[in-house]
Each structure stands twice: as C-alpha cells, then as structure tokens.
Amino acid sequence: MKYLISLAIRSAWNRKLTLGLTLMSIALSIALFIGVERVRQDAEDSFAQSVSGTDLVVGARTSPVQLMLYAVFHIGDATNNIHWKTFLDIAANPSVAWTIPVSMGDSHHGFPVVGTSTDYFAHFHYSDSQPLVFSSGKPFAGLFDAVIGAEVAEHLGYHLGDKIILSHGMGGIGLAEHADKPFTITGILARTGTPVDRTVHVSLEAIEAIHLDWQGGAKIPGFSIPAQYVTKFDLTPKEVTAILVGLKNRAAVFKMQRYVNEYQTEPLLAVLPGVALDQLWQVVGIAERALLAVSGMVVVVGLCGLVAVILASLNERRRELAILRSVGARPLDVFLLLSAEGLFITLSGTLTGLVMLTAITATFAPMIQSHYGLMIAPTFISYDELGLLGIVIGVSLLASLAPGYSAYKLSLSDGLTPRI
Amino acid sequence: MVNPVIKIENLAFRYPKADSFCLDIQELHADAGDRIFIYGHSGSGKSTLLGLLGGVLSPERGTISLLGHELATMSSSDRDRFRADHIGFIFQQFNLIPYLSVTDNVLLSCRFSARRSDRAIVSGNTLQGEVARLLDHLDIAMELRHRPVTKLSVGQQQRVAAARALIGSPEIVIADEPTSALDAERQKAFLDLLSRECIAADTTLLFVSHDRRLASGFSREIDLSSLNRAQASQEAA
Amino acid sequence: MQTRRIFHSAIILMLSLSSLAVNAGALDGLSRYMGIGTPPDAKKTEYRVGDRLEQKPTTDKSPYKEIKWDDLMPKDWDPTSDFKKLDFSKMKDSDPRAQEALQHLREAWVNAPIEESMNGARIRIPGFIVPLEVVRHQITEFLLVPYFGACIHVPPPPSNQIIHVFPAKPLKKGMESMDAVWIKGELEAFPSDTEMGSAGYRMKEANVKTYVPSGDCPCPFPGS
C-alpha cells in the first residue's frame, strides 16, 4: 500500500506540467470557495459586534436595515432627521436609562464625522459589552475638540493636538470644507474592530457651530461667522440623525418601541438591533448563498478538469499498467494507484488554495479594514470551514475514483499484452 | 521423477463472444532448468498462452499447473500473488516505467513479492547489492545506472528488464519476443546473457519469438502453430 | 460482470448526488433572490404570526414544572373588565369614552402586574426568541415571548408575558429571531418598585433547548 502511494506520487511528478495546471485550477477554486464563506462570516461578525448593550436604535421612519446601516455602521444616508424636542421627550421617558444622540452629514477625508454627546463615551459598548477606551487623550471638552478612532489616526497619521478640517457631505473628494473652523484632536480611541475606528467624533454643538453660516447645504456666499464668535449664538442642536437608547429594564423594550413608533409629532422608527441585524443577514444571505453555490460549481469544474486529465493520460499508460501487472500488481492495485494520484493532486491543490487564501487575506485585510471597517482575519482554516472543506475533499475523493475505475477495467481487459 | 514446473493438459480458451476457441493445447510440459524456444508468429495464440500462464486469463477447459499449483483453483488475487512470487516477465519493448530509476525498475519485482525480496538477499547481500550484481552480469555499465531510464538505448532497457525478471530467482521466466526490437548482434548477446543467468539459477525459461534463427542454444523447440489445435483446425478450414 | 456494473453505477450515483447538493444550494439561493418560493421575511414557514407553541401534557417527573404563559398572569387581572362594561349601542359615533376606554386598556396592557408567587419557581416553558446580545454569532441574552412575530405586525406582549433570559451558555450558532425554544430554570419575578423601573420576569443561568414541534422534548435535559 505504501509503495503504491510512492508510485502515485512519482508518477504524478513525472507529469508535473499538466497536473500542475489542474492543481492550480483546484487551488484557485478552493481559495474562492472558502474565501466567500470566510468573508461572509467575518463581515457578519464585524457587523454583529458593532453594537452591544443598546436596546433600541431610533431614527426617522425608514426601513430597519437602513436605519442600522446609517446609525451604527455609518453607511448610507438618513431619509430624514429627528427634532431635538423629540429627542428630549424620549430621553425623559421613565423607562430610559441613557440615550446617545448622533448627528451625521459631514466627513473628513472619506471618514464619517459623527456629532454626539459625551454620553457616547460613557454608554456606548461593542462586542461583548466592551466599553470604549482611550489610547490617548480624553473626550471633547471645548467646542472644537474632536475624538478620532484608531483607524483614522493610523491611516492619516494623526496625534493629539493636530488640527483637522471637516468637509460637508460624504463624497470624499470635491467637497466644500468648513475651512474656517478647524478642530483640535483631543482624544484617540483604542482599536475596537468596529466602525468606531474609522469615525471622527465631535460634539453636537460643534456641528451646529460649523453650519451657522450655511443654508440648505451650502455656505451662504459673502457671509461668514468667524470661529471665535460662534459661542455668541445659541448652539443647542435643532435636529439629530439617530438616537441609541438604553433601558433600565431590558424587558420593557417592546413598550418603549411602541411608544416611539406611535409618537405623534413626527414619524419615527425604533428597532431592536439584534432583530434588525437578523433581517439584514436574511437579505445578505440570499446573495451569499448564490455566491457560495457558484463558487461550489467552480470547484466541481476544477475537479472535472482533473478527472479529464488523468483519464486522458490513461491510454499512454497502458504499457506501464501491463508492466505493473506482470510483476504481480492486482487490478485493485491499479485502481488504488490511479485513485491515489487523483486524491494526491486534490489534497495538494486544497492545501495550496488555503495558503493562497491566507496570503491574499493577509495582504488585503488592512485595506478592507480601512475602507469598510470590516475585520477579515487571515486565519489558515477555522473550525467551521473544516466542514465545508470536508465536503470538498469527499467530492474529490469520489471524483478520483473515476479514473481509478477506468484503469481497473482497462488493466483487466489488457492483461499482460495491451494492444496499442 | 521430478514434478514438472509447467504442466498444461487439455487446455482450451476462447475470448468472450468468440464462436471458436483460439487456443487448444492437448499437452505441454516443462521441467526445472528447461529452456524452451516457442516459435509463434502473431495470431498463433501466443498472447493468449502467455496470458494463461501469467494467470490473467482463465481457461474454459483443461488445467494449467505451475509448480504443482493448479491455477484454475486459485482466486484472481492469489494468481496475481503467485505470478509476483514465481514468474518473471520480459516484454518486447517499453519494459521500464519511465518515472522510476534503473534500480527502482529492477526492484519492482521485489516490491510486490516478499518472497522474491527475501530470496534476493539470501546470500547475505542487500537489495541494492543484488541489483548491482545482476546489472553487472547483464553488462550494464555503472554510469548508466543513474541515468533516467528514457535515456537508455533499447538494448540497455531490455537488459534492465531482464534483471528485473531475474531478481529474487523466480522459478519461471517468460520472455515475449524480447529481442525483436534489437539489431542482430545485440540479439545474440542478449540471448547469451539471459541463458547464462537462467542456467545458473536453474530457471525454467520460455522464450517466445518469430525468429527461428535464435532457436539454437535452447534445450527444446516448440512450434505453437502445430501445438495449438485451434490454429491447425482453422488453417485446415 | 455484476460487481462491475454495480460499482460503476455506485460511482455515477455518488458523483451525481454531490453535484446535486451543490446545485440545490444554488437553486435555493436563486429562488429566494428572484422572489420565488419563500419570501425572506417569512422564513419560518411552520409558524404564522400569532401562533403559540403547543404544550402537550406529559408525565415528566422533572423538578422543573412545565407552566403555561397564562400562569404568569395574576388570576384576578383582567384589563378588559372596564372595556367590557361599556355598552356601545348606547354611544354616539366618535364618543370620547370609547377612545378613553381603549386607551386605558392599552396602558393596562403595557403596565401589567406580575404574579409574585412565581418568584423562585423552577419552571420550564416554551417560547420565541428576541435576541438582545449576540457575541460571535452566539446569542448570550434574549427575551422570550409567547407567540410568533411578537415584534412585527402584532401588538407586543404585555410585560407579564415577557421573560428576560440569560442562558447559562451562549446559544449555539445559527439561532436567531423568532426561533422556538424551551427554557428551564429558576424564575425571578420582580415587582415594579425596583430600580428597573417596571415589573417583569427574569431567568438567569437558563437551560435552553430547541423546541421540537411534537411538543415533547425528545432528549432528557442534562442535570434534570
């Protein structure tokens, strides 16, 4: 048995050019197959751990998924804003333990700017009830203070005391800037692996201040209020984009949700983050299943190629098989030899594919994290992926049996004197 | 009275879906040390006879006994093992496996038979040493032994094949037109080398060829066309 | 020969089955994407909005007593009593008393009292999950409600029909909103004059098992 394996390996090595190409096609298909599953898992993980301990997310009435996307992940825009009075009403509700108002619309070099209160740093939790921790500095105290996430600091090379200018809108380039009102970085947050890392946080009053001399989304021409005079105006926010709510009794969440949804003054939506995320996964899951099926097909194609290559080589190898039979190999040994060859190529291809996937992931993970806030971990293979891999190896084992079987029949009919 | 090494009686074989027998032999005996020249042109039933002797084909009627073992009573995997243990084969050409070295090709017989492996080292030699000894006897120069087998000439390949057939002293060696691809002078040389080794080990040699000129030097000569009654009856028809 | 044919067929069959499995996954995904078959929202096709879980009587001698959701409501509590006293035939259209009574009913529903005798009871009860905390795809904290769809399309349950559950171990991966489970453990019933602000039920260190539609849990609870 061991000798047959040694023969199979040496035989495969002899035809390394053709078999090498099939090995590469299998490797690529495995990398794609496992990669799709891994990206989905890691993206789900990243999303799921972005908010913890928050009972309700409140925004202007829209779809639950859209609300989660802009309020928590800072992706997309709100359809409408919430009046400040509404926020105060909600905060004053006896069931409420804490609230975090957030206001969005500005950006800094592509990173979203979020206006919020200092309650954010006290009450916002992520992952497994982890609080926000400062790697340096502290929350904003002065009007034009800013606290930035770890990714912003790293990507743009900022330190405490640096001055930054915010842009209006989320486009990234060609945006109007609030150039006359620079902010000072007074705090940098430790890395969380959530969208917090790529966010610039300022106070709600500061958002008011930079838009004092703006109207309808643009700066009023020929009119400007210098930074040092803004405090003379009333900087109480007029609106917020969304509110994160924490309750004293988590079981009261339905009561509070109904209160918000039926609020008479303006149309609001309150969602339970866990439930809304499940809805998001259902939507995403459809595309993901399709993608997984397609990449599964690609693996099957790769295996078909392997079987075809080995079958094609069988005709040339008839004399070789006759030699083996003449020294006492049984037809079963011939079967095992050919099957082992197929299996050997598949296993090597799978290993190569995993190595390639790990290398690609490791190379692109920092960029993906910087742009999307998603953490894709460059692990070699995870426990859940083993199941998928097992299926692939099982199918390839079956596929390898086909040329083995063909060789078996051939050696039976050829005997010691193949007619070529 | 020594038991014959090969004993065929009343043998008849027909391929599936064939109307008539292609091989029909009343009797064929060979003793230890016999060196038999079998004259058979293509179509004389020679491949069938070799297949039956090698145990890959089963006769419809009659018996084949090798070394006292009746092949028909053995299962196919037992016959495969028997062939590995007791028979060495030399084909007409393409005898060697291209992705194995010269030494590994010779040792192929020992990989499938523990008995051959044991007998190869019986004189206190190692397997490698025994390979070297045989290659010496068969006039394969040292520097050739490390070349890829595809770089050897046909004559050299045939001699390496002979070494593989001879290693471990099998009782029977069957050579199927081993010299047909060689030129005249090399043919004689090959024959001499092979015969010498067989005599030394008291091996029964069955040498099939269509070239009658090589028949001298063998202890017996058999014309397969006459022996094969199926052939004769076909020719008569 | 027979063995050869069987062998041949077996190989073809296995290869076909495995490619069928891959295809099935593709078709499933495609059909959902194109809106054929089950729409994404109603993926739990065996339950409709408002469905409750069947609780068949058992002879289970476990120390954890199976209760019904009604047992969590005080026997004398009937928020509809005021409403029922009204005689609609005697009212004019848009009578403010009708609206007021409805409003009172709704408020009573929301501020429902708890059954204090249930405090400390060792119970098991089936219900649907509303996840509160999810860590690495595993639910670590959830609310248990009596009927399907409790957070969509129908009024939410009153506070004496919600249990705030802390499972002893995070739930296995793949559990999500509106999954049906059994919970087993010691119930806490706390009245409204605590720092929690309102009355409710809670279960810590709960044992959670998937609900199997036959009504009986087929496997013994570990440690019961």
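Each chain carries a letter (A, B and C) given by its place in the written order, and its residues are counted from 1.
The working rule: a contact is a pair of C-beta atoms (placed from the backbone, for glycine too) under 8 Å apart; a residue touches a chain by one contact, two chains touch by 3 or more.
Bear in mind that the values here come from a model prediction, so they are computed numbers and not experimental data.
Undergrad: So if I look at the partners of chain A and the partners of chain C, which chains show up in both lists?
TA: none
Undergrad: Centre to centre, using CA atoms, which chain is the farthest one from chain C?
TA: B
Undergrad: Which chain has the mean of its C-alpha atoms lying nearest to the mean of all protein C-alpha atoms shown?
TA: Of all chains shown, the one whose C-alpha centroid lies nearest the global centroid is A.
Undergrad: Quick one: report the Å distance separating chain A from chain C, using the average Cα coordinate of each chain.
TA: Inter-chain centre distance comes to 30 Å.
Undergrad: Using Cα averages as centroids, what's the distance between chain A and chain B in whole Å?
TA: The mean C-alpha positions of chain A and chain B differ by 67 Å.
Undergrad: I'd like the Å distance between the centres of chain B and chain C, where a centre is the mean of that chain's Cα atoms.
TA: 79
Undergrad: Touching at least two other chains at once: which residues of chain A meet that condition?
TA: none
Undergrad: Quick check on the complex: what are the chain B residues that touch chain A?
TA: 47, 50-51, 54, 56-57, 76-77, 80-81, 83-85, 89, 91, 94-100, 108-109, 111-113, 164, 176
Undergrad: Per the contact definition, I'd like the list of chain A residues that touch chain B in the complex.
TA: Touching chain B from chain A are residues 3, 7, 10-11, 13-14, 319-320, 322-332, 415-417.
Undergrad: Can you name the residues of chain C that touch chain A in the complex?
TA: 4, 7-8, 11, 14-15, 18-19, 21-23, 25-30, 32-33, 40-41, 43, 110, 130-137, 139-143, 150-151, 155-157, 159, 162-164, 173, 176-177, 195-198, 200-202
Undergrad: What residues of chain A sit close enough to touch chain C in their complex?
TA: Touch list, chain A to chain C: 41, 44-45, 48-49, 52-53, 55, 94-95, 127-129, 247-255, 257-258, 272, 274-275, 277-279, 281-283, 285-294, 296-297, 300, 384, 391, 394-395, 398-399, 401-402, 405, 409.
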